[in-house]
Structure formats: structure tokens, C-alpha cells
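The letters A, B, C, D, E and F name the chains in turn, as written, and every chain counts its residues from 1.
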Amino acid sequence: MYYSKYREVFMKLITAIIKPDKVEALRQALTGVDIQGLTIVEAKGYGRQKGHTELYRGAEYEVHFLPKSRAEILVDSADVEKVITTVSEAVKSGKIGDGKIFVTEVQDVVRIRTGERGAEAIK
Amino acid sequence: MKKILTFLIPTLLLSGVASAEVSAETAFVFNTFLFVFSGVLVMFMALGFSMLEAGFVRKKNTSAILLKNIALYSVAGIMFYLIGYSLMYVDVSGWIGSLSGAFYDTADDLTVATEEGGYSLASDWFFQMVFCATAISIVSGACAERIKVWPFIIFAAFMTGIIYPIYGSWTWGGGWLTEMGFSDFAGSTIVHSVGGWAALTGCLILGPRAGKYGSDGKITPIAGANMPLACLGTFILWFGWFGFNGGSQLALGSAADASAMSIVVVNTNIAACGGVVAAIILSQLMYKKIDLSIALNGAIAGLVAITAGPDLSNHFLSMIVGAIGGILCTIAIPMLDKMKIDDVVGAISAHLVAGIWGTLAVGIFGSGDFLVQLIGIVAAGVLVVPLSGVFFYILKGTIGLRVSEETEASGLDKAELTTEAYPEFK
Amino acid sequence: MKKILTFLIPTLLLSGVASAEVSAETAFVFNTFLFVFSGVLVMFMALGFSMLEAGFVRKKNTSAILLKNIALYSVAGIMFYLIGYSLMYVDVSGWIGSLSGAFYDTADDLTVATEEGGYSLASDWFFQMVFCATAISIVSGACAERIKVWPFIIFAAFMTGIIYPIYGSWTWGGGWLTEMGFSDFAGSTIVHSVGGWAALTGCLILGPRAGKYGSDGKITPIAGANMPLACLGTFILWFGWFGFNGGSQLALGSAADASAMSIVVVNTNIAACGGVVAAIILSQLMYKKIDLSIALNGAIAGLVAITAGPDLSNHFLSMIVGAIGGILCTIAIPMLDKMKIDDVVGAISAHLVAGIWGTLAVGIFGSGDFLVQLIGIVAAGVLVVPLSGVFFYILKGTIGLRVSEETEASGLDKAELTTEAYPEFK
Amino acid sequence: MKKILTFLIPTLLLSGVASAEVSAETAFVFNTFLFVFSGVLVMFMALGFSMLEAGFVRKKNTSAILLKNIALYSVAGIMFYLIGYSLMYVDVSGWIGSLSGAFYDTADDLTVATEEGGYSLASDWFFQMVFCATAISIVSGACAERIKVWPFIIFAAFMTGIIYPIYGSWTWGGGWLTEMGFSDFAGSTIVHSVGGWAALTGCLILGPRAGKYGSDGKITPIAGANMPLACLGTFILWFGWFGFNGGSQLALGSAADASAMSIVVVNTNIAACGGVVAAIILSQLMYKKIDLSIALNGAIAGLVAITAGPDLSNHFLSMIVGAIGGILCTIAIPMLDKMKIDDVVGAISAHLVAGIWGTLAVGIFGSGDFLVQLIGIVAAGVLVVPLSGVFFYILKGTIGLRVSEETEASGLDKAELTTEAYPEFK
Amino acid sequence: MYYSKYREVFMKLITAIIKPDKVEALRQALTGVDIQGLTIVEAKGYGRQKGHTELYRGAEYEVHFLPKSRAEILVDSADVEKVITTVSEAVKSGKIGDGKIFVTEVQDVVRIRTGERGAEAIK
Amino acid sequence: MYYSKYREVFMKLITAIIKPDKVEALRQALTGVDIQGLTIVEAKGYGRQKGHTELYRGAEYEVHFLPKSRAEILVDSADVEKVITTVSEAVKSGKIGDGKIFVTEVQDVVRIRTGERGAEAIK
């Protein structure tokens, strides 16, 4: 059984599924509120925004998935609402497919270089 | 470069003085060089097919299609040397040649008389060989992504050693079709339809790629992985076609020949232009968007269509012949899909359909007789489909023809080759 | 290969006996073949441009640029046939030709007298056509990633049917610039600057790509997606340029012509070498690292620069002309960026800037008169900028010229074509 | 195209009438055009090497290898002009030429007598230069992914200005090896082994790429990133080789020459076919799967092997010579790995090993003396290894030869160039 | 041992590591049970399925990682078992390497477009 | 509603953002401590390690994101500290950008092939 010293949980992981062309806006917005780290992964998403029909050599086919970027931001619990607001504002277009943000609990963080643990590791 | 033409002012016609003016040996050099030059261009078409096909398959089958292409060209070079050339051209009885010319001694290379249109036998051999290789190139693309590598290589040996040379002997070898007056300048039928028939046979026997046709009649297109490669291949083919058609004038030893070759080159080019423009406009009309892959096929179809008669005296007509080729190809592509014939690169549409059209066009606009042209076309199908079909079935029944489902899913590159095409590209 | 030269030992000079030694018909064949051979090489440059441009755009616009390239070449082939050639070369009044030579009958192909430098009209037509196509190729690259496909194709028809032929009639057609003594061997101005002026006009009217220039003057470079394709294209252009310049000797029917053509080929090559080396060194000095894309542009700039006078008798001078071309191009690239002129492939720097330099160089090192050269250069700009500008504005006001913001963000391939270039590569 | 051969029926032999039939000036044009045509094909091989090497390296080193290739060709063009050609061909003492032919005046271009096999000096210069560039192309591939860009470029200048010309003067320049009777038609040793020796020396001094060879003798293969590029490069090389070998007939001014060139072309092709087929079969036998990269090397090895004696009168023998080349190459690749010699593209196996074999083969099947051939081969090694070795060490001791560990890990493109090859492809 | 009786958390994140050729089957199966959203990332995996030995130019080497797809599905807690069953059935071949599904708690979800929070955001 | 007080969770998900050239070292190190599974995704990261300025055709631009690999390891709770130490040692260079490790709670794991649940599924 793993019990972190930091079991009262001071950190959250905020994951945002956004449109790929919003990554740079996201980064700038986060820097603006002093969040200095994130990790991006290319993804493809399926949701209400339903893809579209394409034609190739005369045959119709459906493209179900759309390109998305998946951003992860480790934050201090205190910053969660701030980050949600910042991310939402930075990437929102009001059109379907803007994406989701979800929050999960993080029990510990390690900065590999220094061995720092917990909230220290993301300062 | 300064060019002031005294255009359209008829002066002394050359034809009368021609043979007196170019010495026999000079003509020999010209003719021979034409074969070498054109042969080298046509050889380059092997790369054109490789790239076109590598662009149209999925990443996981790319190394396999490249290997098939370099192998088929190599096998063609060897088989046409060992038996094909001889079957096609030496002691042709009307229905087939013999093996008496195999392993010919290059000491005889100069023995064809130079008084009249002489040329080096070796240069001619080279030129004929690269045509043979073209025919089998057509098959590899159509059957891609599911035919096993080794059976394909064995089929390539049979095609280049036996099938192509037999039909060739009926036509360019001087056999019964030539005697009947069949006219196919550079091989719309002899090369392209013959290849196309074998491709069609292969596609039918292999069946479509997994997932392409749903049981409900729904078609799931499988997009080619790399359009720049497909475009590269198409332009290389176009480039090589100047040798394919231009070299088929077979002589450069007089002003008349040089002029005729130039006209062939211009017609070849403008037919391809017509094919591209027609395919672009038609794809825009049919699909509301331009389909690049169809535009590329349109170029090939235009080229194939003009190949039977690029000696038309009217360039405008050549453009029309090419444009109709492009249109037929554009229409044939979805039709084949509806018939669940899965041709990965559009080879059947571009080579067989446009090849038939081009051969008929010689009977309409050119010097050919329509009925004889039709007989030649049918003869190709009647010869090639059963011969290649039986051979494919033999392969199927012995070493197997199609890869397993798992191999098809994971890709031929991993299963049959050691080398993935793009190991680092995710 | 064994080569022991009796080097630099003057022997009998040929010039005297030349015309007596090559028969008129043999010369006809040589001249005609030179056009066909060179024309085929220049045709291949259409592929060079396609690959270069496909390498310099982003993935999402790759199919569109490929389509534009194969379309422009096809449209050029048709328009130059229907009207361009005739406007440029037939009954040139001094300011423009006529349409009387359109649809020429190939029956007349042999009618140019063979006594003096005869050649097949068809071969010449082919050679002239591929030059016309080159001019419009230059435009497609500069305006890439934002110009709509159909308006571009329509502009290509106008450029190859009207703009290029008019300037061509002033020069190679024998019009007023030729009479004044303007000297442009293979078209530094006639092809490359003309294309470059149209490219510049297009870039100005279209405006830069979204995101390239910040309001604060900050430049955000947009890197090309595929350097191997760009390098492939560059080498193909270099290869084709031997036909471009070598064929512009326009005759191969005598030892003097063959020798002159060889000198042209050597100068062409060494100028490109100079352009590359200069661009590499300069980019290292300016940026502390070598910029491959600039080295590639350097090759083109060297080639463009020598094109006006590749008949220089001094190879060393040719190297210098090419090197200066490479330097000017390397300097022009960031300068254009500072002026917020967004040229995706460096076409303006490599074709217009180096083309102007090369044309002037003929007035400095070569046989041309500096002032006349300048007049020719200015004349090109004065003709092409307004003509193409008005036409671009008409397109803009009617069917629209530039894609929407959304299309630009998501890429032209998805919006205007059915085919993504690399559907599987993430 | 209609072809009915009167095959194998000996008629009048030409050799007697040949010189009388082609006028001296016509022969001059033919010879000159052969050099230009072949030289252009060989120039294209620079692209072949670029693409082959770009396919065999990892993505992160792709721009660097492209830059090296365009730079080496440009540097070769300049160095061979400034000193190489003269050292190789002008006033050759037996051991080296002089600098007296540098900066030759093109006014003398026509001065070689046309009575007997005349040709333009410029055309010959061009043809010789592209051979020189080929030799250094071989080095870039072998030493890829770890040699610094600038030291490589400097080495290229030394190789093309000094090393290659010295060995060239011993052989094609008419020096001591030629006098001894050494026979190397188009340069299996003179170009390919010389390049191969320098490549081997470079690989030994540089050491293998990080991670390739474990201390426990375990080999970690590093797969090339892009097989279509490797295949493209191979086919372009094959295409160019028709100029490499065909042009090395050095004359086209008679039926005998044209015939001989054709035979060379056929032998060149069939040797490559043999090399491919042998490599495919052998890789299947050795590894239970076909290795595409080895098949591609097999084509090159077959071509290199036939290069010393493509004038064999027996095509079958040529196929065997090529096949043995392919086999030796296939065996050499893992052997070099066992010796921890890290050759990124297989250049040593394909160029040095097959080059030695091909040169010996002339002593076995062809006109050469086995012992003399051996002396020539050894002489190449004895000259090139120390000369290039010392020069590499000087570079190593001064500006450094190998990139840092970090650069090697992150890739040369980022560290030494501004341009990543595929910035968008993850 | 999955019996979270704790019901104050209404959402879960279900992550499935599957074979890449099963993505389309997964999407269809989820649509069948009315789950209308997922996000896919290309991955490579290492597990019991041990990769394999390859030969390249005569040298043997081990391929340790195999291509996998990583699918994320945000669901209402009540749907967890249904989704696990659906995913399992859709992608199972019974052969080694079929992959894993794991469940984590989600504390909040935001639909960027509308600002909706919690379970509303994935409806 | 951010607090899960439910603590009988036996598995953790350890996510490590590392430099891409450390993936092989990571795999070997994990094998060494008998952890036989992980899933890797290519990512790009932004943090203290600030990217760098590049020049392209004479224009300067900033590269903000650096290539990273994102490794996920499902472990028994008891193994968490061992894995953190192992991963840290395997990938640490001491230079900025070495990356982060973070730990989240997993409520259930399923091995698709067998249907095994919980800790059994990652044995």
C-alpha cells in the first residue's frame, strides 16, 4: 500500500483535449498566469462533433476522428479553478469540438533532476 | 537563344533527297542512339511505376511494393534475354517465335545491313526489353498490398518470358495480327492492355483487400500514404514516355524520321495534358472537389491512349484522344469499385481501359482499320486472361498467392521483408 | 575508358570546313534531336518544381501544390499550342505575333529549308512550350499555401497563353527588344524574371500566409515539411537546366555548334556550383549554421544567373556569375521577409533577383550592352506586373483568389481536394 | 512500332567502310554529344547518391546528408576545374599531371583534330568532372550520421582536387598503370574502389555510430528512415550508369562505336539485374526474409562489378559478373559489421568489394591481365588509404572530424544546420 | 476488487490500451451503448507480449515495443462496468497483447464550449 | 467535491515524462526490478527548460516545446517507491529537462485477454 507523505493531496492533474491549432494560445495563456509547464500529446478525438464524409476516388467514406491535442498540466490544488478558467478562455471558440477539460487527483510528483517531491516538484 | 521562324513558308521538300543526304553509317549511329536514348528513358519508367505504387499503398506495404518493382525489372531483364526476345522476334511463325536467337553473340551486332535503316542489335534488344518490363510493372500496382512477394516474382518471370513475348510475336514480331494490318505504334494494346489484362486477372483471383468492400455494398476507400511519391512517379512516367513513343519511330536516320519522331513527342505530350485537364474537370464536376490521385491517373490514361497512334498529323486530335482517355479512366475507377475489383493504383482504368480506347482511336482517326483494331484488342484479352489466370491458380494451389489475414493486417513489410519502409515515422 | 589528351595543341581549326562536312540532312537530324532531347530535359523541370515546392510547403497543403503543378504544366501545353506559340513567333509585328500559326498542320513539319540549320517545327514547338511552362512554375511556388486552386489554374492559362508569349515576341520572337540588341541566351529575363515578376505580383496581392508576420514586425518562419523532396526538386532542376541552356544553342549540326553547346553545359554546371558554395558560406557567416534550404536556393540562383549568358568563353567567370547569383539570393530572402513579402519557396529571390543579375552580367562580362539589358529587364516588369496584377484583381473580385481563414488553417488539401498528401503520417 | 528482324543473318561487315562513311565533323558532333548526354546522366547520379543516403540515415541527420551531397558535387565541380582535371590529364609524367591546363581557354575548344575521333574539350571536361564527383559521393554515405559537415566538405575538396586526380593520372591520364596494361573501362577501381578506399578509411578513423556495436559484440542495427528514397536513389544511379558506362566508350562517331556502346549498355543493365536477383535470393536464404536494403545494394554492386569491363561480348557472362558482385556485397555487409566497421549505406561493400571483383573479372573473362589488374587494385589502396587517412587525421587534430556525443544523439540537422528535414513529421 | 461504493464522485476515466487495428471496432461498440466520445493516442507498449527478433542487413535485433492505441473514455460512474464489458468484448482476440483497461477517478469535467461542469459535460 | 477519502486502492499509475533517448534505459531498468509492462507515448513538453531560438532562412523563431516521451506504468501500490527510484535513476542526467514523475490512484485494472481484474491484471 502506497501512502505518500503528501497524502492530503495538494496537486491535481488537469487534462485538456483541445483543437491542435490552440496549443500555442494555451501555452501563452498559462505562462500569463504563471503556470510554467505542460506536456502535449497528439491525439484524435470522437465526440459530438461528428467527423465528416469524404470522397476518395469516387467512394464516400466517413472520417470519424478529428485531430486533437491532449495537454496535461500538473498544478497545485489551489490553482485548479484558475487554470480551468485560463485554459477555457484561451482555447474557446464557441464551436462544437472545442473539447474537454478534466481534473484528476495526483498523489505525488517527483522532479527527476533534483528528486524534489510533491508541490515542490512543479514550482 | 534567338528564334525567328520563317514559319509555314513551304520550301524544298526533303523526302526526295533524304536517303542521299545521310550516309548509311551515320544513319546507323542515329538509329542506334535513338534506341539507347529511348531505352534509357523507358528504363526510368520502372522507377516511375515504383514511386507511383509506393505512393498509392499504405506505409506498411511500401517496402514490399518497392522490392517487387526492382525485382520485376531485374527478372524481366533476365527472362527477356534468356527466352522472351527470341520467342517474340526470331523465326516468328505467325503465332510464336523460337528459341534460336537466345544467347546471341554480340559479334554479330553489326551484321544488320547498314544500307537501309541499320542499327545495333544490342540497342534494339535493350529497347525491346524495357517495353517488356513495362507490361509487368502494370500488374504489380494493381495487385499490391495482398499478393505474396515470391509468387509475384515468379509470375513476373512467366509474364516477361512467355505471355508478353507471345502476343508480341503476333504483332511486332510480324505474326498474324501484323499481317492482318493491326496498328499499334508503341503499344497501347501490346504493352498496356496486355499488362492491364494480367492485372485484371490478378485482381479477380486475389480478391479485394480486407476491409475495402463491406457486405452491404459500402466501399471503404484506402488512401495512398504518400501523394508526393505518386506525383513523382507520374511525372517520371510522362518523362519516360517520350522515349516509349518517340523511340518507337524506330529510326532517326533521316530528316523524315526526325520530323516524325518530333511529331510523336508533341502528340504524346499534348495527349497527357488533355488527360490531366479532363480528369481534373471531371473529378471536380463529379465530386465537387478535385481528386489529385485521379488527375495523376488521367495523365497516365492520356499517355496510354495516344500510344497506339502518336503519329497523328493533327495535334488537336491527339489532345482529344488523351482527354477521352482521361475521362474513361476517371469513370472506370468508381465502376471497378462497384464491381468490387480492387485495383490499388488504378492500373486497370489507366492502362487497360485507356489502352483499348487508344487502339480503337487509331481505327477512328488514324490509319488503322476499326475491325482489325478490335480483333487485336480481343486477341490480347483472349490470350492473356487464360494464360495468366491458369498460372495464378497454379501458384495459388502450390505455394499460395495471397498473404494471410494477419500479414495483411500487419503489413507485408514486416512479414515478408526485413525492412520497414519508414521505421521512424509513426 | 582510356583518355590521353593531346591537350592544348592547336591543330587544324574546324570552322572553315564545318558546313561542308555535315550534310544538311544530317544537320537537320542533329538540330531536331537537340530540341527533343533538351525539351524532354526541360519538361522534367516541371517535376523539379513540383518536388521543390512540395518540400517547402506544409503537409496540409502538399496535395494542392502537386495538383497545381501538374495542372499548370498541362494547361501550359494546351494554351501554348492553341495561342501562345503563335502569338510569340508567327508574324511578329515587333510588339506581338498573330494567331495565324495556331493549329499548324504537321504536314508542313519538314518545310523549313534544310540547307541552313533546318529542324523539325514540331521539335522546336516542343522546346518552346516547355520554356513557357517553366515561367508559370515559378509562380505556383511563391504563391503556395493560400491561393485557391481554380483561380491559380485560370491564371496559369492567362500567363502561358498571353503574358509570356507577348514578352517572348518582343525578344525571341524577333520584336523590338531583339532589334535593339537585347541579349538573353536562354531566358534569365524572358523566362525567369517574367515568372518572377508574376510571382511577386501574386504575393503582393495575396498577402502573406496567416501567422507569418506579427504586427510587431516579428517573423515566424514556416518551415517546409520535407527537405528531401526540396533537394530532389533542386537536383532535377539542375539536371533539366542542361537542356534549358544547352538546347538554347538551338543547333547541333556542326562542330562549332556542338562545341558551343558543350561550353554552355560546362558554364551552366559551374555557375550552379558557384551558387551553392556561395550560399553555403554566406549562410554560415550570417547565421553561424548552414541553411540547407538556402543552399538549394543558391543552386537555382546560380543557374538562373548564368542563363542569360552561358556562352561565356571563360568558365571561371561563369562560376563568379553563379556565385554572385547565390549571394544575391541569400541576401534577398531575409530582405523580402522584412518587406513582408511572403514567398514560400524563395522564387522571387532565386528567379527574379538572380535573373536580373544574370541579364545585367551579360552587359558586363558578355556580349550585351548594359543599357539595352537594363531596358529589357525593365520592360519585363512593366509588362508583367500590370498585366498579371489586373488579372489577379479580376479573379479576386469574381471567384476569389485567396482561400478562407479556416481553409488556410486546416489546409488546402482538405478543403479543395479530396486527397491528403500523407493521410497516414501523423 | 513494327519490328521484323532479319536476325543473325550475317551481311556486309561495317568496320571496313566505317571511317569513310561518317564525316569527321559529323563524328565530332556525335562524340561531343555522347559526352554531354552521358555526362548529364552521370551528373544525375549525384541525386541518386543524395536520395539513397537520405533514405539510409535517420530522420535527424537527413538535412545534413543532403547538404553534404549538394556541397560535394559543387566542390567537385570547382576543384576539378581549378586543379583536378589538369593534374589528371595534362602533361602526365607517369605519376602525376601538371597545373598547366588549369583555366583552359574555351577558344581552344575546337582544336582537337577532327580527322580522328575529335570531340569538344569542354564536353570531355564535363564528362570527366562528373566521374570525379561520383568518387566522393561514395564517401559521404559511408561516413554519414557522425562526420561534421565542414570537415567533410574540406575533405571533398582534397579528394576531388588531389587524391582522385592522382590515381586518375596513373590510369586514364596515361600514367604507369596504363602503360602496364591495366584495364578499367569505366572505373570499377578508378572511381568506385578509390571512393570505397576513402570511405573505409573515413569509417575506421571516425569509428562507428553511437550505439551500433555493443561491448558484448552485439550489433544494434540502425534502420534507414525512408526506403522509398533509398529505392529512388538506387534507380537513379542505375539510370545514370548508362551514361557512366555507355559514355565511357568515349566515341559515337562510327557504327562500330555505336554498336560497342549499345553492347556496353546491355551488359550494364543485365549485370545490375543479376546483382539484384542474386542479392534477393541470397538474403532470402540467409535470413529467411528478403532484405530490401540489400537488394538495393545488390543493384549497385552489380553495376560496380561490370563497370571495369562492360564491353564483354557475352551478355550471359555480364549477368554472372553482376550476380557475383551482388553476392559478394551481400556477404560483405554483415562481415563489416562483425569487424565493427560502420558503413551507413553499404558503400564499402557495394563500391569497394564489388569494384575489386569487377576489376579482377576483367582479368578472368575479359581482355585484362590478372596480375596487372591486381597491381592496379592494390595501387589504389596504397595511394588512397594513406593520403586520405593523413588528411582525415589533420582535420581531426585541428577543427575536429566527428560531432560531439550530444550532437550525435540529437542529430546533426539541429546542431550544424538550421533546417530539420521533416519538421512536421513526428 | 473494484467496488467503489463511494458515490460522491460521479465520473470515471476509463483508459484502454488496445491493438491499433481495434480502434474502429471500439468506436462502433461504444456508439452501440450510447457512449459518444473518446480520445485516442498512438502509443507503443511493452508487456508479456515480448516483441520479437528482427534481422536488418544481417544483424539481429530485438523489437521490444509493439504499436498500441491508447483510448480514453470519460464516463458517468454508473456506466463503468458497462463500458468495461463493451470495450473488452469489442477488442478481445484472446491472444496475448490484447491489452489493459484501467479506471481512475475524475473529480471534474468541463465542456469548454459551454462551460458546463461535471457529468453534464460528457452527456 | 474534489476529495476522495476512499483509500482501499491497491494500484497506482505512475506517469513519467522523460527525454526520448532514455526510453530504452527505462525499459531495461524496469525489467531489472521485475516490472514487466509499460506504455509509451510521444509527447512534447514545456517547462523550465525553455526551448531555444532557431534561425530559418534568416528569421529567428523560438522553439517552445521539446520532444519528450510519456511513460505509463501500472503498479501495485507496494511497488510505487521502488519504481520511482528505479525510473529516477535510469533516466536522470542531472540536467534541466530530465522530467517529472507523477502518481495517481487507479481504481481497477482489467486484463482484456483473460478478464482478470485488479492487481491480478498486471501481474
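The rule we apply is simple: a contact is a pair of C-beta atoms (placed from the backbone, for glycine too) under 8 Å apart; a residue touches a chain by one contact, two chains touch by 3 or more.
Worth saying up front: this structure is predicted, and the values here are computed from it rather than measured.
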item: Set of chains adjacent to chain A and to chain B; value: C, E
item: A-C against D-E, pair bridged by the larger set of C-beta contacts; value: D-E
item: Centre-to-centre distance between chain F and chain A (centres being mean Cα positions), rounded to whole Å; value: 16
item: Separation of mean Cα positions, chain D and chain A [Å, integer]; value: 54
item: Distance from the mean Cα position of chain D to that of chain B, given in whole angstrom; value: 31
item: Per-residue multi-chain contacts in chain A, two or more chains; value: 12, 41-42, 55-57, 103-105
item: Junction residues of chain C - those touching two or more other chains; value: 23, 26, 37, 223, 226, 232, 287, 289, 291, 293, 418-419, 422, 425-426
item: Each pair of chains that touches, named by its two labels; value: A-B, A-C, A-E, A-F, B-C, B-D, B-E, C-D, C-F, D-E, D-F, E-F
item: Parts of chain D lying in touch with chain C, wherever the complex brings them together; value: 23-26, 28-29, 32-33, 35-37, 39-40, 43-44, 46-47, 50-51, 54, 62-63, 66-67, 69-71, 73-75, 77-78, 81, 89-92, 100-101, 103-115, 118, 120-126, 128-129, 149-150, 153, 172-174, 178, 184-187, 226, 229, 232, 248-250, 416-426
item: Touching residues (chain side chain F, partner chain D) in the complex; value: 21, 42, 54-57
item: Interfacial residue positions of chain E with respect to chain A in the complex; value: 11, 13, 24, 27, 36-42, 74, 104-113, 115, 121-122
item: Chain B to chain C touching residues, read off their complex; value: 1-15, 17-18, 21-23, 26, 30, 37, 41, 58-59, 223-228, 231-232, 234-236, 238-239, 242, 246, 252-259, 261-263, 265-266, 269-270, 272-274, 276-277, 280, 283-284, 287, 289-293, 295-296, 299, 313-316, 319, 422, 425-426
item: Residue numbers on chain A that touch chain B, as the complex places them; value: 55-61
